[in-house]
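The following blocks contain the structures, represented as C-alpha cells.
What follows is a pair of complexes built around chain A, which joins chain B in one and chain C in the other.
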Partner chain A sequence: MSAQILFYISGSIAILASLFVVTNKNAVHALLYLVVSLLALAMCFYLLGAPFAAALQIIVYAGAIMVLFVFAVMIFNINQTDIDREKHWLTWQSWVGPSLLVMVLLAEIVFVILSNQNWSTNPSSAVQIELVDARAVGTLLFGPYLLAVEIASFLLLAGLVGGYHLAKELPKRTTKDGGR
Partner chain B sequence: MPELELMIMIVLMVATLVPIAAMLVWFERRLLGFFQQRYGPNRVGYFGILQSLADLIKILFKHDWIPPFADRPVFVLAPLIGAMAILMSFAVVPMAPGLVVSDSNIGLLFFLAMTSMAVYSVVLAGWASNNKYAVLGGMRAAAQTISYEVFMGVSLLGVVILSGSFRLSDIVLAQQDIWFVVPQFIGFVVFIIAGVAESHRLPFDLPEAETELTAGFHTEYSGIKFALFFLGEYLGMMLISMMITTLFLGGWLGPWLPPFVWFVLKTMSLICFFILLRAALPRPRFDQLLEFGWKWMLPLALLNLVGTAVVKLWGSF
Partner chain C sequence: MTVPIEHGFVLVALLWAIGLVGLLSRKNTLFMLMSMEIMLNAGALAFILAGSLWQQADGQVIYILILSIAAAEVGLGLALLIRLRQHIGDLDIDKLDEMKG
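Then we have the complex of A and B:
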C-alpha cells in the first residue's frame, strides 16, 4: 500500500516538473526541472518492479544526456534579454493548439483505463508488481528484441559518424582568401 | 520496528561520515606536510587534531554572501546536490556482514547513478556563479566527468560478470577464494584512475586548477556553501576508497580481525594512497586528460570486459 502512495507522489512530481519544463522561461531552470522529472520517472519504474530500468534511467538520461544538455546551454550565455524574449513568445495564443492535442491524449488514456475491466472493477490492482531484474532485461533485449537493439545501435552509429564529420579537422586550403 | 532501526542506522551513518570527512582535511594536510618534510597544522589540540573544528567555527561565522549577479536558487542548490548525492551512495556500501543501510539488488548501479548526479553540483555552481572562471571550471568538470564515467562503468562490468550480481554484499562474498584485484587487475587500475577523476582530486582537479582558473567552479563561493563543496570532495574520496575496497579488495573479508576493522583498514590505506597521489603527481593539461581517457582507458576497459566474458564463458562449457 505504501508503495502505491509513493508511486502516486513520484508520478505527480513527474507531471508537475514536466509542466514547469515547458512553461519556464529560463532554459537552464527548465532543464533542471526535466532532470527532476526524469528522476521521478525512475522512481516510478523502480516502484513498478523494474529496478534495472530505473537505475539506467538515472545513469543514462539524468546523469549523462541531461548533463550534456546543461553543458551546451551553459555556453549560450543566457541573460535577461533572452528571458524577456522568451516571455514575449510564450503568449496564451501559443498554448491553445498544444493544449487541445494534449486534451485528446488525456481523453484517450482515461478511456483506456476505464475500458479495462480488470482495473475498473478492482482499482487496488492497478499497480501490479512483477520484478524484472537485469538478467531478464538482458535475455529479452538479446532474444526477441534483438532487431530493435540493432536498429537503435545503427541510429547511434549514424549520430557518431555525424559528430565525427562535424568535428573533423578540415585540410588546410591554400587559396587566395587567406588559407581559411 | 525495522523502519525505526533503519532510521537510527541512517542517522548514525551521517553522524559518523560527516565528521570523519572533516577530520580527513586535517589528516590530509598533516600527511602532505609529512611527505614534504614540514609539519602541517599542529597548533590546535594534540597534533593539531582539532584543526577541522576550528576551521568549521571560522567558516560558520563568515558572511554567507551570494553575488548579486548570480542565479540565486541554482547558486544555493548546487553545493547541496553534490554533498547529498555522495551521502546517498553510502547507503549501499556494506561495511560488515549486515552493516548496511540498504543491501539493494542494484547497489552497484545505484552508486554509478549517484556519482553521475554529483556532476550537477559542479556544473551548476559554475553556471550559476556567472563568472567566466567558474563557467570554465564547470565546463571542464562536465567534460571530464562524462568521459571518465563511461569507462568507470565499463571497468566494473568485469566484476559483475565474475560475481554475477549487482548486489554489493554478493560481490564481497564472491571474493572469498580470491580478491577481484587479481583476476580484474586492469579493471582495478582503470577504476582507480576513473575514481580520482570523478572526485576531482589531484592530479585530475582541472575544474578547480588554481593556477589557471583562480578557484574554478567555486570561485564565488564562501562560508558554509564553500564548506559543503569541500565536504563533498572528501566524502567522494572516502566513497571511492570504500567502493574499491568492496569491489576489488574483498570488502570486509580477512583473517583474525573482525570484519569491520578489515574494512576500515583497507579503506584508510586507500585514502592514504590517494593523498600520496596528490603529493606525487603533477596536473596534466586538460586536452591530455581527455585524450588519455578516450584513447587509453576506454579501449583498455573494453578489452578487459571482453577478456573476462571470454574466460567466464570458456569456464562454463
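Then we have the complex of A and C:
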C-alpha cells in the first residue's frame, strides 16, 4: 500500500513539473522543471519494479540528455529580451484551441483505459511489484533484440554525424550566391 | 504492494496530453523540443508499465531503445536549433516558412 501512495505522489510531481515545463517562460527554469519531472518518473519506474530503467532514467535522461539541453541553452545565450518575447508570444488565446482539442483526446483515452473490463475485473490485473532486474534485461537485449541494438547504434551514429554537420560553422560566402 | 494498472496508464495519458498541449501551443522551438521529451517519457512509462504488468523484461528493453531514440533526437534537434538561432536570431517556429510549402 505504501508503494501505491509513493507512486501517486511521484506521479503527481511528474504531472505538475511537466505543466510547469510547458507553461514556463524562462528556458532554464523549464529545463530544471523537466529534470524534476524525469526524476519523478524514475521514481515511478523504480516503484513499478524496474530499477535498471530507473537508474538509466537518472543517468542518461536526467544526466546526459538534460546536460545537452543546458549546454544548448548556454549557447543560445537566453537574455531578458528572449523572456519578454516569450511573454509576448504566450497569450491565453494561443492555449485555448490546443487545450480544448487535447482535453477531448485525453478524455477519450482515459475513458478507454478505465472502461477496459479486462483490467478492472481480473484480480491479477494490478501490478504485483516484482523485480525485473538488469540481468533479465541484458539477456533479452543482447539475445533476441540484438538486431535492434545494432539499429540503435546506427541511429546514434547518424545523430552524431548529423549533429556535427549541423552545428559546425557556416562557410564564409565569397560570392553572392556561393557557399550554399 | 500493488499499483492499479489503469492509474498508471492514466498517468501516461496525462503526461502525453501535457506534452501535446505544449507542442501545439508554444512558438519557441526549444520548448517544443522539451514537450516532445515529455511525450517520449510518457511512452517510455507505458512500456515500463506493460513490462511490469506481464513480468517481462521486454518493456525495459524497449525503454532502452526509446532512450537511444531520444538521445539521437535531442542531439540533432539541438544542433538544428543552434543553426536556427545563428540564422534568424530567435527560435520562432513561424520564421521557418521560407520554403513557402
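We take it that the second predicted complex is superposed on the first by the 145 of 180 C-alpha atoms of A that agree within 3 Å, B and C clash if a C-alpha of one lies under 4 Å from a C-alpha of the other, contacts with A are read in each partner's own complex, and residues count from 1 in each chain.
The rule we apply is simple: a contact is a pair of C-beta atoms (placed from the backbone, for glycine too) under 8 Å apart; a residue touches a chain by one contact, two chains touch by 3 or more.
No experiment lies behind these values; they were computed from the predicted model shown.
Asker: Quick check on the chain A-based superposition: chain B and chain C, clash or fit?
Answerer: fit
Asker: May I ask you to name which of chain B and chain C touches more residues of chain A?
Answerer: Per-residue touch count on chain A favours C.
Asker: By the touch definition at the top of the document, which applies to A:52: first (chain B), second (chain C), both, or neither?
Answerer: In the superposed model, A:52 contacts both chain B and chain C.
Asker: Between chain B (first) and chain C (second), which, if any, makes contact with A:28: first, second, both or neither?
Answerer: first
Asker: Looking at A:85, would you say it contacts chain B, chain C, both, or neither? Reply first, second, both or neither.
Answerer: In the superposition, A:85 contacts chain C only.
Asker: Contact-wise, after the overlay, does A:62 reach chain B, chain C, both or neither (first, second, both, neither)?
Answerer: first
Asker: Contact-wise, after the overlay, does A:74 reach chain B, chain C, both or neither (first, second, both, neither)?
Answerer: first
Asker: Please indicate which partner A:146 is in contact with in the superposed arrangement: first for chain B, second for chain C, both, or neither.
Answerer: Touch partners of A:146: none, neither chain B nor chain C.
Asker: If you've got the overlay open, could you tell me the nearest Cα approach between chain B and chain C in whole angstrom?
Answerer: Nearest C-alpha pair, chain B versus chain C: 14 Å apart.
Asker: Return the residues of chain A at which the contacts from chain B and from chain C coincide.
Answerer: Correct list for chain A: 52, 56, 64, 68, 75.
Asker: Which stretch or stretches of chain A touch chain C in the complex?
Answerer: Listed in rising order, the residues are 1, 3-4, 7-8, 11, 14-15, 18-19, 21-22, 27, 30-31, 34, 37-38, 41, 44-45, 47-50, 52-53, 56-57, 60-61, 64-65, 68-69, 72-73, 75-76, 82, 85-86, 89-90, 94-95, 97-99, 101-103, 105-106, 109-110, 113-114, 116, 119-120, 125-130, 132, 136-137, 139-141, 145, 148, 152, 155-156, 158-160, 162-167, 170.
Asker: Can you check the complex and tell me which residues of chain C touch chain A?
Answerer: So the residues of chain C in touch with chain A come to 1-11, 13-22, 24-28, 30-31, 33-35, 37-38, 41, 44-45, 48-49, 51-53, 55-61, 63-65, 67-76, 78-83, 85-86, 90-92.
Asker: Give every residue of chain B touching chain A within the complex, in rising order.
Answerer: Residues of chain B touching chain A: 71, 73-74, 104-106, 109-110, 112-113, 116-117, 119-120, 123-124, 126-127, 135, 138-139, 142-143, 145-146, 149, 153, 166.
Asker: Help me check something: in the complex, which residues belonging to chain A touch chain B?
Answerer: 26, 28-29, 32, 35, 51-52, 54-56, 58-59, 62-64, 67-68, 70-71, 74-75, 133-134
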